[in-house]
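Think of it as A, B, C, D, E, F and G in the order they're written, each chain with its own count starting at 1.
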Amino acid sequence: MKIRPLGDRVVIKMMEAEEKTKSGIVLPGSAKESPQMAEVIEVGPGGMVEGKEVKMEIKTGDKVIFSKYAGTEVKLDGQEYTILKQSDILAVVE
Amino acid sequence: MKIRPLGDRVVIKMMEAEEKTKSGIVLPGSAKESPQMAEVIEVGPGGMVEGKEVKMEIKTGDKVIFSKYAGTEVKLDGQEYTILKQSDILAVVE
Amino acid sequence: MKIRPLGDRVVIKMMEAEEKTKSGIVLPGSAKESPQMAEVIEVGPGGMVEGKEVKMEIKTGDKVIFSKYAGTEVKLDGQEYTILKQSDILAVVE
Amino acid sequence: MKIRPLGDRVVIKMMEAEEKTKSGIVLPGSAKESPQMAEVIEVGPGGMVEGKEVKMEIKTGDKVIFSKYAGTEVKLDGQEYTILKQSDILAVVE
Amino acid sequence: MKIRPLGDRVVIKMMEAEEKTKSGIVLPGSAKESPQMAEVIEVGPGGMVEGKEVKMEIKTGDKVIFSKYAGTEVKLDGQEYTILKQSDILAVVE
Amino acid sequence: MKIRPLGDRVVIKMMEAEEKTKSGIVLPGSAKESPQMAEVIEVGPGGMVEGKEVKMEIKTGDKVIFSKYAGTEVKLDGQEYTILKQSDILAVVE
Amino acid sequence: MKIRPLGDRVVIKMMEAEEKTKSGIVLPGSAKESPQMAEVIEVGPGGMVEGKEVKMEIKTGDKVIFSKYAGTEVKLDGQEYTILKQSDILAVVE
């Protein structure tokens, strides 16, 4: 089963503290201090969105920082995801 | 009798917990935890909507995830439907 | 006497419960549960509305579902009407 | 003395209950139940208004229904007028 | 000394009750009942304002009716003026 | 050291009461009654700002009247400045 | 590890009081009086952002003044950064 986001939306999955550390980020305190990092699971096709051409800059597997409270949380197969617009993604961590 | 939505609107029907499970989604707790999944019943023609060209990406029969609180609920022939704009549909579940 | 709506507006008249039933809609409870259905009485010419081209998709006699609280109620010749914009009409019931 | 409205504005004068009745409208209760009908006194030239081309559809002498609370009331020569935008006029009564 | 308004702004000066009467307006009660009439002192050049072309329709010396609470009051040489946008001027009194 | 404002922003410095008087403005009461006059210190380049072409009409040294509460106050070298958009400047005093 | 901001966003790092003084700014009181100065760490590519072409005027290493409360704070490798849109940067200090 697969979530296919529409328009300029992307599906992301919150990263666990240990995953974040593995990717090189030092989290001296609690993981709760940095809850805005996630991995991109699915990317919408972009195109005309509310009358404006949107090109997707994000790709599956990107580690991203996103706006707190942005998007809608959904639960599929016991796993929680967030669906948000690409414009709510602030940056990619490389 | 048939509901024909206008412009970029679609008519959806909430899916029952058992239906969702049949389509492969595991719902370990209560169906109330995932109330945003629905089936598309009718799709508007799209076209110029508030001065912007909208192309319909959704088709009848799609299983969709939509924004909580989006749309208007209507009751016809004892059945409840929700009419919302395509832009309130976040993703298609395949 | 006739109400001629301007721009993208339409004049509608709420349907009585019996009328609704005649058109095939089963209303098991009270008519108050479904107050959003109405018949279209007059349709504006459309055209440029607030700088956007609007084409009227609705025609006189259509049975429509509209957004709760949309429009302005007026009383003429002892009859109540609602004047609203076509974009507040969600769907046509056929 | 004359009020010349700017842009897409029109000057209207509330109609008295007796005037309304003369034009064929039955007002079984109080005139206060239908305070939104008025006669158009002056019409602005239209043209570019906030970057959008507006064509005036209303003419002096029209009987119109307008949005409650729309416009600004002014008093000239002991007479009260309301100045509002054409888009706040819902319909013409013919 | 001179105030030169920018863009689509105009400088106006409130008219005294006696001035208003001289120009033919009957004010049976208090001048406070009609505080929205003013004389235009300076007119901005118009042109591109927030991405929209604005043509000035108002000229120095015009008697105008303006939106209550619109604009900013300034005091120069002991005289109070209001600076507002042309779009806050409702009508010219001729 | 120099503040270089971006886009359609300008840097202004509040004028002291004595400076204002020298430039010919009579301030019979307190300077606090007229806190909106300032001198322009730096002017941004203008150009495309939020998708709209902005041409700077203000130049360094202009005495300007600006919207109360507009802009952001900053302190550099012990001196207070305000950075605001040109559209928050109402008029130039000449 | 590197933060790559999307669209018209930039990553900035707050400047310490001593750093600000070194760059020539006199801070007679507390650094807390001037918390809006920061150094630019990374700059997004600009381009089409919400349907508008944005050209980046800011470059890495610029000392900038930004709108209070603008942007989102993130913590990476024990260091705090703020990610904001270029339009929330008011000026460059040179």
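One rule holds in what follows: a residue touches a chain if its C-beta (ideal position, glycine included) is under 8 Å from a C-beta of that chain, and two chains touch if they have at least 3 such contacts.
In UniProt terms the chains read A, B, C, D, E, F, G = Co-chaperonin GroES.
What you are looking at is a predicted structure, and each value in this text was computed from that prediction instead of being measured.
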Checklist entry - Which chains are shared contacts of chain E and chain F? => result none
Next on the checklist: Spelling it out: a chain qualifies if it touches chain F and also touches chain G; which chains qualify?
Outcome noted: none
Checklist entry - How many angstrom between the C-alpha centroids of chain G and chain D? => result 53
Checklist entry - When the C-alpha atoms of chain B and chain D are each averaged to a single point, how far apart are the two points in Å? => result 42
Checklist entry - Out of chain F, which residues touch more than one other chain, so two or more? => result 51
Item to check | Chain order around the ring, beginning at chain A and proceeding next to chain B | outcome: A, B, C, D, E, F, G
Checklist outcome for this item: Interface with chain E, chain D side, in the complex: residues 1-7, 9, 11, 42, 44, 48-51, 72, 74-78, 83
Checklist outcome for this item: chain G residues touching chain F in their complex are 23-26, 28, 33-34, 36, 51-55, 57-58, 65, 67-68, 86-87, 89-94
